[in-house]
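Quick one: this structure, given as structure tokens, is what I'll be asking you about.
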Amino acid sequence: MNKKKIIKFLSEIQMLKRVRREGVKLAGVKIPDSVAEHIAISTQIAYLLAKLEGADASKCVLMSLFHDNEEARIGDPHKISVRYFNVKNAERKAMEEHLSNLPKQIREEILKLQKEMRERNTKEGIIVKDADWLEIAIQAKIYSELGYKGCENWIDNVEKALETKTAKEILAEIRKNPDFLNFWWKGLKKMTYKKLKKK
Amino acid sequence: MNKKKIIKFLSEIQMLKRVRREGVKLAGVKIPDSVAEHIAISTQIAYLLAKLEGADASKCVLMSLFHDNEEARIGDPHKISVRYFNVKNAERKAMEEHLSNLPKQIREEILKLQKEMRERNTKEGIIVKDADWLEIAIQAKIYSELGYKGCENWIDNVEKALETKTAKEILAEIRKNPDFLNFWWKGLKKMTYKKLKKK
Amino acid sequence: MNKKKIIKFLSEIQMLKRVRREGVKLAGVKIPDSVAEHIAISTQIAYLLAKLEGADASKCVLMSLFHDNEEARIGDPHKISVRYFNVKNAERKAMEEHLSNLPKQIREEILKLQKEMRERNTKEGIIVKDADWLEIAIQAKIYSELGYKGCENWIDNVEKALETKTAKEILAEIRKNPDFLNFWWKGLKKMTYKKLKKK
Amino acid sequence: MNKKKIIKFLSEIQMLKRVRREGVKLAGVKIPDSVAEHIAISTQIAYLLAKLEGADASKCVLMSLFHDNEEARIGDPHKISVRYFNVKNAERKAMEEHLSNLPKQIREEILKLQKEMRERNTKEGIIVKDADWLEIAIQAKIYSELGYKGCENWIDNVEKALETKTAKEILAEIRKNPDFLNFWWKGLKKMTYKKLKKK
Amino acid sequence: MNKKKIIKFLSEIQMLKRVRREGVKLAGVKIPDSVAEHIAISTQIAYLLAKLEGADASKCVLMSLFHDNEEARIGDPHKISVRYFNVKNAERKAMEEHLSNLPKQIREEILKLQKEMRERNTKEGIIVKDADWLEIAIQAKIYSELGYKGCENWIDNVEKALETKTAKEILAEIRKNPDFLNFWWKGLKKMTYKKLKKK
Amino acid sequence: MNKKKIIKFLSEIQMLKRVRREGVKLAGVKIPDSVAEHIAISTQIAYLLAKLEGADASKCVLMSLFHDNEEARIGDPHKISVRYFNVKNAERKAMEEHLSNLPKQIREEILKLQKEMRERNTKEGIIVKDADWLEIAIQAKIYSELGYKGCENWIDNVEKALETKTAKEILAEIRKNPDFLNFWWKGLKKMTYKKLKKK
């Protein structure tokens, strides 16, 4: 391996912790999630959707894992900014240059998977895109519950775009839930605040 | 006035507090300054440079005051991202649409000043651009003193680009100062920690 | 120019990014806007009000641009703290010492404008004060929409104090708007989430 | 008890978590400690100094516990700001009004202790003031080790003002330590990163 | 005194500013209060409860002042995590090792008080535990008012656990108040926004 | 699928954005990375190591993707806290309960992979653990370059524990690099600060 190039790549992916999801700033969020956080959670969702849809989960996970890496170089352009930029081309070129620090075989595998996700011409491509969008909608639901009402807009847009039955059903179920943010831990607390025995 | 459009404009410029200067994230800064902060300080610098260079200070201030407003729409693209985007065109189009909420006469005045700054074909255009860059270099000097050594790169680049004698001299003076961050307040503290009289 | 003094001044105005608007902490805001952010946006508003009121916009902008610079030295005293301090005197003295690093002619121009703003004995003085207050009310409206209900109090107080017809109309229009925070970008998003053509 | 007044007092002391130690912003710290954090640690130090100096520890702790409560009302004025304000009077008046929500007997006990700390006319008054300053110097030492070199100034000033032998010796010992921040946990880690047994 | 050990202890208690109250993250709070902040305010509450309940206030304050110090070592385990850990034992052992840097007499005094608080077999032990819980409920009330509705759960749990009449009455009074966060400062503002005399 | 359980799981994994890597707080970091950020980057590293070591990359990625999910429930216990807790057992139990919301087949796949990582009895188990540690060392290197010198300790500990040749070589190369943080972007900037053509 070319050690210099490998550590250049490793230096660059740390940048994904410093780039933030710009879109929700429109709705008033001051310090949004990082791109790295979005990658982690959307990739877990991609795995889950693949399993539930009977697709190739390993492939979906690989496809999702690097899907926003070019944002280390171009930031996270939101849906207003794309009025003014040709974002698609920029993303592709930035991804290619970003991956140029990796050995050819690895780079080509990742690029091929990215293309599949972009074109959504396979079941896995469709699933991974749905996972990407579902993560965005889920985070928006939480912000919305916390009072950022502009975030409802993200959920509406994702709802219209989803393709898989599973993703649609999950989003519908989440929307119905008035307290999704706190849903998971209700009933799990082991109470240590206790009344005295005799008083 | 068209009240709806005016308050749309006012809603939008609040966004300048939520958009952050992306460049220094490259050097490890997690939560950089906002664009609004940069506007305030670089405009004060533009006033000062104009006065010291014997130029039209009122004009410089007006020119500087709106110079990054389009970033409410396109974010703050840093010097890596411009490898992949045609930023100049995007900036111009976003600025035009941003200002479309203002009455024609106001909008045209601002656009004319922006053009002058972009083309630097007048003394004032040159000064305001220098003020913009000088603010970036000054902030980078402070980050550098706090341990973000990658920020030296910003100062080097600004140093090469400055045009006015005053801006060059100021930056040279700042670079020579090993503790610029704390320079202003040394000697100003009124000490209230006092020894007891008799002990 | 006295280079040492000029860079002292430049070191000091960076402090305006670190001083925060203390008032809204009363209402529960943990990390409020910086003074520099307030300066940038209120100065843009001063320009706009001046144009709409047919006043001298250049003068208003200059007047507004330095109007809180003394807060680098005294912080941002809120409306509870002024029960206990003679803030007016402190502001004046701190501003004078702050400006003492600038050449006499510049310093005197700024001080003269500050006096005009304080005394509001000219159209421009009245407009710039209105712009200052309007910015505070606008930010408070956004916080209020995000759930900081105590911020309504700032809007009420500004409403009572405004002098110009334009500022009053603008604030009335903003108060009527139930989603002012998100008002500017509704309808502007270019949707990139798209259904597949044939499926 | 007057329940309304008691819960007003409880509402107010939560504000101490939102007011921050303004001084170190001079040295470049963007989001300093809260006043509540300073109260907790300086009171623990007051207890320790009292024990080591053979003074009344209970009294010292009570004296220290409320010593900055007025900052809920007046903020935390730093050593530049006191050039422009009569801080001492403001502190006293704000403290009195702050405590006016408490029953008379309680209020008077606290005020009496505050006076003792201010006048330092008892052993305990001297110790608690030393604890207050020592906490400031300790925090400054940590910031200094992290690259905020302007913070050395706080340590110098505290060093000159301390009265008790114990506080002086402690500060001298801390200054000698080149890595005070990490001093406590070196050697305590239980390593769970382990080589495989046979490889 | 053993200076090395004393400054180790002082280095460690600064950590209490960096450890945060983990529980409310469940309810969506991104950056909760620090443990040091909780210590300061709950100790002030302990003093107040003691006075109102006619107990030994000095003892209560000492008991409260160190009650979470072991969290420098073990963090702040929330009520889900205690399903999986034996937190009680960990707390005790960590507290003992934490205090081992202090002279024996001091260490034993603190440990004895901690035991009393844990066992709640004295009036003071009961009061200090109530103060600890009351502070948690008060902070939760504020978060709840700001839109973190999951925080209601903390208030419910504290309500069930409180023992003293005073603490119960105070919490009931706070719950009834629809705007507890802003309760203290309403009516205190000295308005400096003023209409012009003649217009 | 059981929709309620699936969305409970999805609600829970959002918590991974709110739980932070506690360890580096020892070294003075105030707001460390989130667990989600660590998962994203360490999983990308796991993929890379697997490729470079000729192992099953898909398996490594799956194994890494969920490796810290139990921290939604137990937080991120650092190396001081494990002196006091039986963390291994807690992790296992929390992971099991966390996964209980997923269908049996999925849950068992993940648990089997976790076991392999824990026991490191396969090439992939060893690689994924190395990737986990390498990510920690890389982040520590960056903090160390920014002045958090206590973070060197993490790098030393990881260095001793790594098993694969590739991971060891990469870490050695990174340690040699005096400016790893900024390494990736040096030379990539497209300069837009330009001198005027003729002047």
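Which chain is which? They are A, B, C, D, E and F, in the order written, and residues in each are numbered from 1.
Just so it is clear, a contact is a pair of C-beta atoms (placed from the backbone, for glycine too) under 8 Å apart; a residue touches a chain by one contact, two chains touch by 3 or more.
These numbers were taken from a predicted model, which means no experiment stands behind them.
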{"item": "Between chain B and chain D, the fewest steps along chains that touch one another", "value": "1"}
{"item": "Matching chain pair for B-D (criterion: over half of the contact pairs shared, by residue number), options D-E, E-F or D-F", "value": "D-F"}
{"item": "D-E against C-E, pair bridged by the larger set of C-beta contacts", "value": "D-E"}
{"item": "Mean-CA-position distance for chain C and chain B (Å)", "value": "17"}
{"item": "Geometric centre distance via CA averages, chain E-chain B, whole Å", "value": "43"}
{"item": "Distance from the mean Cα position of chain B to that of chain A, given in whole angstrom", "value": "33"}
{"item": "Sites on chain D at which at least two other chains make contact", "value": "15, 26, 28, 30-31, 80, 83, 142, 146-147, 181-182, 185, 188"}
{"item": "Graph class of chain-chain contacts, one of line, ring, star, complete, other", "value": "other"}
{"item": "Of chain F, residues touching chain D in the complex", "value": "26-28, 30, 79-80, 82-83, 87, 120, 126, 133, 146-150, 153, 157-158, 160-161, 163"}
{"item": "Chain C to chain B touching residues, read off their complex", "value": "1, 3-4, 6-17, 33-34, 36-37, 39-41, 43-45, 47-48, 51-52, 57-59, 61-62, 65-66, 69, 73, 102-103, 105-106, 138-139, 142, 166, 169-170, 173-174, 177, 180-185, 188"}
{"item": "Interface residues, chain C side, partner chain D - complex", "value": "15, 18-19, 22, 25-26, 28-31, 73-75, 77-78, 80-81, 83-86, 89-91, 93-94, 97"}
{"item": "Chain F residues within the chain B interface of the complex", "value": "31, 142, 145-147, 179, 181-182, 185-186, 188-196, 199"}
